Each structure stands twice: as structure tokens, then as C-alpha cells.
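When the chains are written out, they are named A, B, C and D in that same order, and each has its own residue count from 1.
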Amino acid sequence: MPESFALVTPDPIDPARLLGDTLSPDDGAALLFWGVVRNQNEGRPVSHLEYSAYGEMAEREMRRIADEARERFGTGAIRVIHRTGSLAIGEASVAIAVASPHRAEAYEASRYVIEQLKQRVPVWKREGYVDGDTEWVPGFTPTVREMA
Amino acid sequence: MPESFALVTPDPIDPARLLGDTLSPDDGAALLFWGVVRNQNEGRPVSHLEYSAYGEMAEREMRRIADEARERFGTGAIRVIHRTGSLAIGEASVAIAVASPHRAEAYEASRYVIEQLKQRVPVWKREGYVDGDTEWVPGFTPTVREMA
Amino acid sequence: MYALPHSRTYALPLMIIRSLFFASYRDMAGADELALELPAGARVADLVGRLRSSGGLSRMPESPVVAVNMDYAPMGTELRDGDEVAFIPPVAGG
Amino acid sequence: MYALPHSRTYALPLMIIRSLFFASYRDMAGADELALELPAGARVADLVGRLRSSGGLSRMPESPVVAVNMDYAPMGTELRDGDEVAFIPPVAGG
């Protein structure tokens, strides 16, 4: 039975280990989305990013998203890891591994997870600029459903 | 200037190194397609796969495909590695890393590279079954254009 | 059946609600969290009103996104004793 | 201008063509590669005809996919001395 797994962690993400943990012998492919810190945002030079999270809820929400993706696209296991803390340029802030017996669904599912993650997982980042300034990065307002 | 890189090798593929080699400080994401050996093919239990290649042409063709994808989708660097030799279940036979300032193009480009690779790169595989038998895996007949 | 004594002037029982603040809301609050007493039957909107009535959190929107016990919840959600209400500015993961 | 001596019976100069075999074609050929002499002006189809005329390669299709010097090339491609012609069964990478 393939699983959904989510982790919020201050530790660097190891892609080989993540792929290994996600793949089962039935899978023919895994797709790894690897989000990294860029050196600029809208032209302003960035020196680092500080990520913070509502860790417990973020893990729960990422696991829900992974469940939704597995159900919708019929993939194998999906594992999502999000970093917190201060990250340098080029460091991975988020990694999403989708295992699948076949490849088409892995692409759909991976895309679904990163789009949903950006829209509803309680994680925030503050950009540190080369000039010493810092600023919260504007984000998405999660959709809140009215009660039934 | 982002680059296209292709390698056919008997050595195991290191995903962390591949991602690191592909990403530049301008990139916000990389997408890694990680093709692995499955434990069965159409219900028949597989013990291993033997990959062979017309190595020099395969590298040239993979580099061409990467160039096409970069031009079509405007991504950053693309690196493609294909294994040769005898591979066990779960081992990576092919890895495609696509770096990109933004993520949407990375998905398109990655998909393009793996589909084209399967259709025209001179690589073959022979399945070794649990019962000791081996068989060439049926493949795609590359399209040959008539001369202009 | 006995009619129980009843009066509108009786004090309602109080609930303890824990509020969590993140990112820019944390900057406004000057704290990660805050425990408040609210009367039974209070809703998220009442908690928001109380928090916005003074100090840095007066800059918080009138209807911020909140999660009650880790589920996104609308302003009308009725609170219960011990609930954890997280105030969630626009998210920017990835 | 001098008219050069010319006759159809003169022997055409010969070319050396290197053929490479992969996967199932390699099994048929029983060898990785083979060097053949062909008359100048010979095309890929002529080389294929020669290879299919005897031995295991008679099981090769009439119009197999080939690459000449690492470019896929149609059967009508004219060969040149030193060309490398690879015989490419259906590919199965990935």
C-alpha cells in the first residue's frame, strides 16, 4: 500500500534518500520536484531566505495534499519535505517525490502537489537582501470553506 | 548560458550531484525524472535488466533532445544520464534533470525529454526473468526523415 | 420535569483559547502565542475582535485566515475550551 | 578541354564501410561490427542488400533503421569511403 509522508525540518534534504524512501519495487519511475533558493526576486539581489512554518499543521496539510494527489492520479507513494530556517542560494527549500508504476501520472501528481502546497500549506519566507534588509514574501491567501 | 549535457555510463547515477551540476544561482527549481528498474513487466517477474547503447550516438541524440527542450520551453540547463550494463530492481536506468527559473516550463521540458528519449535514442534493454530466461524488450522504431 | 433556575444575568462559563501567530502576524503580536479567556459560545470573529481591539494586532485584517485545531475555519466557527486558533497570513511555501 | 578516357567496364574505386550492430541485430550478426568493401556510389540500400544476402543477418528487415555517422539516414543515402553505418533495432531506452 503506497503511502503519503510529509515532514517539516530544519535539516538539509537528501535527494537520494528521499527517492529511495519513496520508491517501491513496483515503481518504474519517480519524479522529484526540487525547489531551491534563487539569487534574486523581481530583480532585487537576494542573499538568503528564512523559512518559518506552523510545523504540525503544515505536515498535516502536505500529507492531505499527497493523499489527494495519490487518489486523483493513482500514483505510488508521495513524500513531501519542507525546510525551515535560514537557507542559502541554491539550497533546497522543498522536495516532492512521486513514485509511480508509469510516468504520466507522476507528472500530473507532482504538479498538483507543488501548486496546492504553495496555496494552502502554512509556511512563510522572509527574504534577506544583499543590502541587509529583510521582507516577508507576499503569498497566497488560503481558501477557507464555509461550514456545511 | 545554460547548457545541455548528456552522458551514457556504466556507473550508478548520483541524484544530488546531478541536481547540483544542473542548477545555477538563477534557477528556482529543478525537476528530476528518475527512471528505475521494475520488478515485473506485464506480469512476468523480472530479476534485472541489461542495458546496452550505441554510446556516442546516444549521447549526441540526448544532447540534441535537451537542446530542443531548452529552446522550446525556455528552461535553464538540462542534463541527461543513461546507464548501461546490468541493473538490479530499483536501480536508476535514466535520470533527467531540468533546471528552470520557474517551474511550469520544467515540467513541460522534462516530459518532452523522456518521451523523445524513448522514441529515438539508441539504447536497448534485455530483461532477465526470475526463471533465468532473457528477452530483448520491444521498443520504438525511430522516425527517419527522407533527405531534403 | 423540574424547571432549572435560569437568568440572563448569570455569568457564562469561561473558555481558555490559545492563539498562535505566524510571520507578519507574529511581528504585529510581538509574541508567538497568547492565551485568552472568552465566554462560552464565542466564535472566531469574537476572538479576532478582541485581538484587534488594541496593540499591534489592530493592524491585522478584519477577517484574517485562521485555522482552528489545524483546520482552516471560517469566522463563524464556534470555539470550545482549549481550542488552538492559528492566525495565518498569506502563505509562501515552496 | 581534354576528353578523359572513360568506359563503363572500368572497375569503380572501392569504399570501406564499417557496419555496427546492436541488440537483436548484433545477435543476428554474431559480431559487433563488420568492415565491407562496396563500389563507389553505393547507397545504404546496397549495403543492407549485401548484409541480408547470407547468414544470420538475412533475418534483418528489408529496410532497417540505420544511422550513418550517427545521424538517422534513409535507405537512399549515398555512402562515402570510411562511413560508419549503425543498424538500429527498435530502441528501448528509459
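Criterion: a residue touches a chain if its C-beta (ideal position, glycine included) is under 8 Å from a C-beta of that chain, and two chains touch if they have at least 3 such contacts.
Model, not experiment: these values are computed from the prediction.
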Chains partitioned by contact, chain A not counted: B, D | C
Chains touching both chain B and chain C: A
From chain A, the most remote chain by mean C-alpha position: D
Chain C and chain D: spacing of chain centres that average the CA atoms, whole Å: 81
Chain A and chain D, separation of their C-alpha mean positions in angstrom: 53
Separation of mean Cα positions, chain C and chain A [Å, integer]: 29
Junction residues of chain A, two or more chains touched: 35, 114
Every chain pair meeting the contact rule: A-B, A-C, B-D
Sites on chain B touched by chain A in the complex: 14-16, 19-20, 23, 25-36, 38-40, 89-90, 101, 103, 107, 110-111, 114
Residues of chain D defined as touching chain B within the complex: 20, 22-24, 65-67, 70, 72-74, 76-77, 86, 88-94
Chain D-facing residues of chain B, complex: 35, 51-54, 56-58, 60, 82, 93-94, 114, 117-126, 136-147
